[in-house]
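First chain A sits with chain B, and in the next complex the same chain sits with chain C.
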Partner chain A sequence: MKKKFGLQPRAEQTIVQVFLYFLTSVAVLVLFFILAVILKNGLPQLSLEFLTKNPAHMGREGGIFSTVVATIYLTFIALLVATPLGVGTAIYLTEYTFEGTVTRIIRFGAECLAGIPSIIFGLFGFILFVNKLKFGWSILSGGLTLAFMVLPTIIRTSEEAIKSVPAAYRLVSYSLGSTRWQTVTKVVLPSAAPGIVTGVILSIGRSIGETAAVIFTAGSALHLPSSIFSSARTMSVHFYILAREGISMPKAYGTAAVLVIAILLINIITYYLMGKYISRSSRS
Partner chain B sequence: MARPKSGGDRLIRLSLLLIALSAISVLAIITIFIFEQGLPIMAKYGLKNFLLGQDWFPSEKSFGLLPMIVGSLLVTLGALVIGVPLGLASAIFMTEFSNRRLSGFLKPVIELLAGIPSVVYGFLGLMFLVPFIRKNFGGPGLSVLAASIILGIMILPTIISIAIDAIRAVPDSYREGSIALGATRWQTVRMVVLPAARSGLVAGIILGMGRAIGETMAVIMVAGNAADLPGSLLAPVRTLTSNIALEMAYASGEHRQALFATGVILFVIIMILNFLANLAAKKQFRK
Partner chain C sequence: MKDRAIQVVKFSHYYGQQPSLKNLNLDIYRKEILSIIGPARSGKSTFLTCLNRLVDLVPASRVEGKIFIDGQDIYQPEVEVAALRRQLGMVFATPVPLPMSIYDNLVFGPKLQGQTNRQELDQLVEDCLEKAGLWAEVKDRLKTSALKLSGGQQQRLCLARVLALKPEFILLDEPTSGLDPISTMKIEDTLRLLKDEYTIILVTNNTKQAARVADRTAFFLMGELVEVNETEIVFTRPADKRTESYIEGKFG
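After this line comes the complex of A and B, so read on.
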């Protein structure tokens, strides 16, 4: 066996352990620092008024109400489109076909899509939805662009979730005379639900935090959106503009705190739901 | 396995197939639109001028993208130099050297942090890192170094959580076998666990790399965005992604087409990286 530095294996192990411990602490501390700074500077800005008032004077005054509404609209449209497509794709890949050229092409497509940077989605959404389909800078354009962006996440997590359902469940269902569709809807999907929900929630988080793809498709109008064809500014776009143009650092921190808290809450709720679901299904 | 069949079943299969083709169709549409907008101008002024030209003056019809290509590759490399050792070390520590309670606490926390929007990272970089670099190392602070550090931190959660999954997927019997042969825990990790988890680790690093090269808003905030070849780590830099985002709002005509050409180049670089990554992962897997 090759010995590094000519050390005793035990001594080497101790050194490595200390080193790993150090690097881990650095990584964890940096990530905690980010959270701490945002919350420390942002929480004092938060109030009911901040959440329920529209921005005034380019965001220098007032709250962020219209941007919260815009964020919710966009995310909702994105998931409304992406969830059925993603889960349907996963069902087809796992339950309705055998591994072959078609599945390979579909997986390849999803994989490539996952690697495309959000700014490219932004360019694409701008040309297709804003220009060619004449939706203009709107919630609809932004929502559809986001839907395409989160589609691979939903496909991948749903596929993993469906694959992890034991084959025995399906065999039992077939042996009771169920059709394939009955098996999918009554046996496979319910067992795979926590995994699928995780993917959807990950996508919500990604939609809320996305900036580059949204700014060129939904625009950055500050007023309260009145329909899916109005231009709107999401929280992250608002935050970006406040910070980059130096309009108001306190308001930027406040918006960042709302963003971060929203995303953390969403993720924590997922963990909680998944834990509950798993304990329930293992008991029965 | 005999499966019951019916007419309804066939209809469902067909609908699902159509849905399943959505991902590949979306990919195709995106490719077509980006290339349709970007290729004509590349053909008009010559691919060589785009790839190797050093001057980006859209108003004077000079569309050299070399500084941005170099910029993107530099900050991505920098991000990997910072993110990979920290990420892999954290993953190894949490799976192999820490107790269950500590890693049971850290893993979900790190996964939660993966959800922090990239603009937030960029903002903190602007508020803390950029002034720190300016004061201690000189230069404008907005620099290759700042962008690399911010991107390195941003890709940490991705690398850590995928690496943890890859290491956990190595069967315990491997470890038991190695320990039974008298190897220390670290020897086991180095010689048994890491080689077995390699394809997963590579996948994590590549996903992190993809995130770094494709990141836009965080980079714009800390990189300085000068469209020149960076002379040092402390010089400002503009990436391909920031080039698009900075000028898209007001560009028109050939200028806008040139931004789509930037998109084409970014697209091609990412596809090549993904392809190489897949190849590497598969090769390892076959062994």
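After this line comes the complex of A and C, so read on.
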């Protein structure tokens, strides 16, 4: 009798399982490898002084305080603009229109926006905000550029979150005499909040880590920004310049370590808060 | 002559090109329980959503003819739909508590109208839960999630939530289809008590339930109203052959 397959089903199972384990562990190992390299080289640089002092001598000496401040400003402005815009778009797409040509065009537009390389956003921001609108190299120009860059993420995650709210909740809300807007604010958004927050957090991560779009629009001035019209250098731009120009690898690693730790912390805190939020809304 | 609360005149409804209700003519009297029976897809639930215009939310939905409620044509453009829906409170087939506390579910409707007086709301919550026969079971845990209640309790909560709107009509769409016999009995007992104050329209796929609680019964088939009469007459001497065979369980 001719065997059709060379292996017993159980053996096949085992091979597939081992193979998949291997693939998964590669992904995890890469993450750990990056973390290990960054932290090994960066952690020794970290001190209170490194965090609280401004860079001196092009960043060869001193700390990274002004770049931390610039990163926070820029991210804050980006989210301040992108969150209402993105969540508003998602609400419009899901609650205020029936699915049709218009929604498909808007969604396709958002998808295309998501696929544009960040350096193109930088160029766009440079032309529009820096030159045309005369904001100059500034936190405002950089923040607005980042806002447009993260907008698709916020639209998409908010839309998914809003869509996952059971249709029955809406029906009940309407049947109890609520208007469309009341249904959105009192029933849909509270239920969708964890998903929307996730999208915003993802955007924080992208904003903090973005280099190309920022260097074109916010510039790379090292002083502490005094207003949203100041040019400023974010942590990731600082890291890029320190490493690229060979100014100081130790300081570059130190900056990278702060970046990575910040992003990790944001993620951990978010998941903790979301866990609390979810368990509270299903319990109380 | 009984007091007509709702008049349905030559009313039809379409999903796209597909008619789901065909040329209905029906009067509903004040403070009666009218039950609507009929096989699945005969337009019973659609009819309820036409009464409170929840059907507006369905894409490609279209109506013809008129429905008058207390003499007012509800499909006129100037009608405030939210106010209409408060007048015709609806309980759905599956109990759907909103993901909030029992108390917040009850005050959801009143709060939308700007009612904020804490004492009044507390009193309203107690009254409505009492009427729905749920007060004794939940009075000590009003602040806990409504999602923690059993199916039967959830459905009575939904009924209480509708009562909190102080509606004139209560629309029930197969309210006991997912419930056990004891929960079903509790709901039916509640409905008999509520009849003194409200006009109740009960869609049910359980003909025995119609026989137990309804004053009048309407039989729908494929979007048409086959007949409507006193419940006793519909069940003992139906005018139409199709009604008879449906009630006897020959189809549906």
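Methods note: the second predicted complex is superposed on the first by the 279 of 284 C-alpha atoms of A that agree within 3 Å, B and C clash if a C-alpha of one lies under 4 Å from a C-alpha of the other, contacts with A are read in each partner's own complex, and residues count from 1 in each chain.
The criterion applied here is as follows: contacts are C-beta pairs under 8 Å (C-beta built on N, C-alpha and C of every residue); 3 or more make two chains touch, one makes a residue touch a chain.
Not measured: the values here are computed from a predicted model.
Legend: residue contacts after superposition of the two complexes on their common chain; A:Y272 is shown touching neither chain B nor chain C. In the superposition on chain A, contact is made by A:V30 with chain B only, not with chain C. Contact with both chain B and chain C is seen for A:T179 once the two complexes are overlaid on the shared chain. When the two complexes are overlaid on their common chain A, residue A:S191 makes contact with chain C while staying clear of chain B.
Here chain B and chain C are compared by how many residues of chain A each touches, and B touches more.
Of the two partner chains placed by superposition, only chain B is touched by A:G205; chain C is not.
Judged by the touch definition given at the top, the superposed model places A:F121 against chain B, while chain C stays out of reach.
Contacts of A:A168 after superposition on the shared chain: chain C is touched, whereas chain B is not. Judged by the touch definition given at the top, the superposed model places A:F98 against chain C, while chain B stays out of reach. Within chain A, the residues touching chain B in one complex and chain C in the other are 171, 174, 177-179. Across the complex, chain B is touched by residues 1, 9-10, 12-13, 16-17, 19-21, 23-24, 26-28, 30-31, 34-35, 37-38, 84-85, 88-89, 91-93, 96-97, 102, 105-106, 108-113, 115-124, 126-128, 148, 151-152, 155, 171, 174, 177-181, 202, 205-206, 208-212, 215-216, 236, 239-240, 243-244, 249, 252, 256, 259-260, 263-264, 266-268, 271 of chain A. Within the complex formed with chain A, the chain C residues making contact are 52, 54, 57, 59, 82-83, 85-86, 89-90, 92, 94, 96, 98-101, 108-109, 112-113, 143-145, 147-148, 158, 161-162, 165. Partner chain C is touched in their complex by these residues of chain A: 98-99, 166, 168-179, 182, 186-187, 190-191, 281-284. Of all the residues in chain B, the ones that touch chain A in their complex are 1-6, 8-9, 12-13, 15-17, 19-30, 33-34, 37, 85-87, 89-90, 92-94, 97-98, 106, 108-113, 115-124, 126-128, 153, 156-157, 160, 183-187, 210, 213-217, 220-221, 241, 244-245, 248-249, 259-260, 263, 266-267, 270-271, 273-274, 278.
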